[in-house]
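Both of the next two complexes hold subunit A, though its partner changes from subunit B to subunit C.
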Partner chain A sequence: MISKVFLRNLLRVTVLCIIASFVIAPLLATALGGFKTNAEIRTSAFGLPETWNFEFYNAIVSDPAFWRYLGNSLLISIAAVILTLLVGAAAAYVFAQIRFFGSRMLFSYLLLGLMFPFATAILPLFIQVRDIGLLDSYWSVILPQTAFGLSLAILLFRTFFEQLPRELFEAAYVDGCGYIRFFWRFTLPLSTPILATVGVFVFVQSWNNFLLPLVMLNSREAFTWPLGMMQFRGEFVTEWNRTLAFVTLTIMPAIVFFLAAQKYIVAGLTGGAVKG
Partner chain B sequence: MADVHLRHINKCFGAVEVIPDIELEIPHGSFTVLVGPSGCGKSTLLRMIAGLEKPTSGTIEIDGDDVTNFEPSARGISMVFQSYALYPHMTVAQNIDFGLRLMKMPAAEREERVKDAAKRLHLEQLLDRKPSELSGGQRQRVAIGRSIVRNPKVFLFDEPLSNLDAALRTQMRVELAELHQSIGATMVYVTHDQVEAMTLADQIVVMNGGRIEQVGPPMELYDNPQTEFVASFIGSPKMNLLPGKAIGRDDIKSVGIRPEHLETHLETGKWAARVGVIENLGSDTVVYMETDDFGHVTVRLPGHHPLRTGDRVFLTPDEKHLHLFGMDGRKILAKEPLSAPAT
Partner chain C sequence: MPTIPLASSQQQRRLSLTQRAKNVLQNGKFGALVLLLPPALILFSLFVIFPLLQSGYFAFFNWNGYGQPTDYVGLKNFEQMMGHSVFHSAIWNTIKIILVSLLVQMPLALFLALLIYKKTPTNALFRLIFFVPYILAEVAAGLIWSFVFDGHYGVTASVGGAFGLEPFFILADRDWAFIAVMTVIVWKYFGFHMMIYIAALQGVPRDLIEAARIEGAKPFDIVRYVQIPLIKPAIIVSAFFAIIGALQVFDVIIPLTNGGPSNTSHTIVTYLYTFGLTRLRIGFGSAIGVVLFITAVAVAIFYQRAAMSPGKKP
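Right, the complex of A and B next:
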């Protein structure tokens, strides 16, 4: 009986380890690659480095351009997160709370955005942003990213907001609290799990976005890190170790952000399953 | 004078008319209970008084003012919800305080009122806790506290005790009655539990299918039900409703007799019956019987009783306590001339 349980657990752990290795192995290879020489990367991509070369990491960290790229990425990502959360939550709140003519049609229309591939929109997006005169500014990346993040955000927010008990609003309404105050004082504070979930999705998406900054940004001062990485590759065409070291350093904030919000993300995705 | 007048209230949800036309007066200082089966429109009526629903037509007056188009917070009411609807991210003190804050009341006065309410409801030790750390009864008290600090003209309760267990419900019922006595404000209370209605109310409004069946003090409804529905709804165990032929009257729909107004004899009586289930409640015994000719009858006998299941007995109704209902379900006064029974 015990051995049966043990076997089942062993099987479970094995499967989990295999799946985890799919994620961890490339990450590890990337991090370790930053310590290797280019020749060594070609011969053993996954092994430990023969000698630990810190010079590539040092070179990147001591380059002010790297910090500028990181700063730009951080600024753009955080702005996109804040905008998406505010606009998405406000829109979802209306969809969840108020029945109005055409609300279902409008909601479905917004959900269409989920099926819309980002890359196909890039040319009209470029023309639009150029006409507005935002090219080569942070806003040219922030605004489209917010717009494309909204459909998922609204979908998740609305589902969560609808689960807030209706009597809560009615009690506050009798107390003299209107829709807008209720949004700030009740809906947002009670929705931290879903805010964190959507926030992380949007942040990671924005952080890793390559195509949009590539099209919108021209001056090196405004470059985000994926663009910065391309510049590195241009200069050191065959120097994979620097690229890998660069990538390792740049995905750090995203990982830290995820770990910090992990608890809320799990709660947000399973929200409503357990009575609060 | 915080009396409430409902005039020609009509309410439709889309094409469904839930309340055709209601006229109701709730006197100042009364404890009025709206009671009826689920779906009878009692909660809708309460929500219209609160301002959470708008009547399709008709007017609502509180304290002489037409408040039909007022926001809930401007009506001078407060409401306690079935699920308590406490604000989960606020402490007990903040929960009670919230409405006062929105009224922009000075901090000193707010604190005074919160303290006062907490003392009245025995919540002093709990003011810094979150609702999730409270028991059901304590949450209910906080919900009541939240409504009394606002000093409303009218208190509204929407089935406030139905989430509590039986013992707690009895206790809260007593506390509510005491609260009403000490505050003396008008209270409107919705329940589907007729025991709550009988014990709390000084005026009961029995509703059925969106209509008011009867309005009156509990004992009047008990002793003198005007319709067959009221007769069967008020009182526990339920009143026996037998066909008119049980008393030799074919011209009426039914005759009602309360379980305590039936006498049991072993040898003689008007109706023969067989004893079914016996429930010993200690103070009295409720016996469910099957009559030979008219179906089930419930009898309440004082104290313990030596009857056994399967015994044959005879039942005699107390003639003074018969309730006669005509074909339309309305009460027929015994003195009214009735068409003579066929001879």
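Right, the complex of A and C next:
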């Protein structure tokens, strides 16, 4: 009986290990490939490098362009997060706290963004941003990114705000605390879990976004890292080891960030999805 | 004498008016309404709704994006799109992605979720590993796999070389390129669906499973008759995300095949990008956007029906 349970568990773990190796192998080959010469990648794509060449990694790390790409991405992502949290939470607070004529209609209007893919209106968006004169600036990515993230943010925020105890607001109101002050002093500080969840979600979306920067940014000074990576790949078509080193260095922060903020990422990317 | 009380009462009224205005702004709902709501409304209207409406308008013009759209062409953009063989293959490819998601990716994700939904340290480790592809940027995933599929360097080179075969370029082969793309999509997203199922499975009451076991149900029967029916809402949600996701596939394709070979591996969005944006055919691209929008709304409505239907059953 015990051996049967043991065998079943052994089989289970074996299956899991096989699938896990399919997940990890390409990533491992990528990280190792950055240490190999191209000749070696040809003969053994998955083996350990015979000699560990650090020059390809070094070349990228000492290239200021690489850091500029990462810096641009970081700046854009952080701005998108702050803007989404502020603007989204403010709107959601109004919907949760104040009854007014047209409230339900406006709420449904703001949720329309959940219905269709971002790419749908990318051409008119491009024209629009060009005509405002924002093309090739950080704002050309930040503003549309924020606008598209608002729907989900407002939905999740409103649900959360409505669950905060109403007595709190009544007590504060009696003591002379107005709506706006209550928002700043009580609602926002009490909502850190949902702010973190939405913030992480927006950050990951923005950090990984490719289509929007591709359409909006033209000069290499403004490139985000996915654009920089494609540019780099284009320059070193025949040198896989350089590209692989570049890829490894750019996905490293993502994996570290994931391990550090795992709880919020999983909640934000799946929990939020289920609730939505 | 009589003027003084009048003045004072007027002053009092004015005071109370300013006081009231102050109240409305500081304490009142009106101030909150006027300050807190418009930023979201303006941003959303300007960068989401307005472009969307414009694409419905531009779709009827032949326009390169400069000056004003004046060359009204009626439904010509739509006709041209419907008659374009590359568009047909883009639609067909999108359907293929949906089918692979529903028939391969979701069963795989469910299978894995059932294996590791219980909270143990080993399971937590596997969960972490399976979720890693999902957090990677699509472009990075595409680039990594374009290396794996490279006929000279990657895994195909190693395997092919072991059998003494000629270098084979999967991504440059008409029959294989899109199969490779779908492999990458399954690799990238199965962890996401698995996490949805795990969250749902952890919510299934243990008593129910225990009761079924005491009644003599085999493990497979418990899965089939207890767990899967109970997580049906999660399965519907994940199917919805699989379909909406399939409509948006873009980032992965660009590094892998860039739509090639000979435009056989396009999806709707890469088609929009390649034939609308890079050629600055704003009208044509907008028409593709309109089709994409209608499809997405149809999916959303269908999803709402599907999500509501379990409630009707007894």
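Note that in this section the second predicted complex is superposed on the first by the 201 of 276 C-alpha atoms of A that agree within 3 Å, B and C clash if a C-alpha of one lies under 4 Å from a C-alpha of the other, contacts with A are read in each partner's own complex, and residues count from 1 in each chain.
Definition applied: a residue touches a chain if its C-beta (ideal position, glycine included) is under 8 Å from a C-beta of that chain, and two chains touch if they have at least 3 such contacts.
Because the structure is predicted, anything quoted here is derived from the model rather than measured.
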- Query: Which partner does A:F116 reach: the first (subunit B), the second (subunit C), both, or neither?
  - Reply: second
- Would you sort A:P189 into first (subunit B), second (subunit C), both or neither based on which partner it touches? first
- Who contacts more of subunit A, subunit B or subunit C? C
- Classify the contacts of A:W207 with the two partner chains as first (subunit B alone), second (subunit C alone), both, or neither. second
- Message: One more residue to check, A:E221. First (subunit B), second (subunit C), both or neither?
- Response: neither
- Query: If you stack the two complexes on chain A, which partner ends up touching A:E55: first (subunit B), second (subunit C), both, or neither?
  - Reply: neither
- Task: Name the contact category of A:A147: first (subunit B only), second (subunit C only), both, or neither.
- Result: second
- First, second, both or neither for A:E162, with subunit B first and subunit C second: neither
- Message: For A:G176, using the defined touch cut-off, is the partner it touches subunit B, subunit C, both, or neither? Pick first, second, both or neither.
- Response: both
- Considering each complex separately, which residues of subunit A are in contact with subunit B in the first and with subunit C in the second? 173, 176, 181
- Can you name the residues of subunit C that touch subunit A in the complex? 26-29, 31-33, 35-37, 39-41, 43-44, 46-52, 54-55, 58, 65, 112, 115-116, 122, 126, 128-140, 143-145, 147-148, 150, 152-155, 157-158, 161, 187, 191-192, 195-196, 199-200, 234, 237, 241, 244, 247-248, 250-251, 254-255, 269, 272-273, 276-277, 282, 285-286, 289-290, 292-293, 296-297, 300
- Query: Touching subunit B in the complex: which residues of subunit A?
  - Reply: 165, 167-168, 170-177, 181, 186, 189-190, 276
- Message: Per the contact definition, I'd like the list of subunit A residues that touch subunit C in the complex.
- Response: 12-13, 15-16, 19-20, 22-27, 29-30, 33, 38, 41-46, 86-88, 90-91, 93-94, 97-98, 100, 106, 109-110, 112-128, 130, 143-144, 146-148, 150-151, 154, 173, 176, 178-181, 183, 204, 207-208, 210-211, 215, 226, 229-230, 233, 240, 243-244, 247, 250-251, 254-255, 258-259, 262, 265-266, 269-271, 273-274
- Inside the complex, what are the residues of subunit B that reach subunit A? 50-52, 71-73, 77-79, 81-83, 85-89, 98-99, 102-103, 132, 146, 150
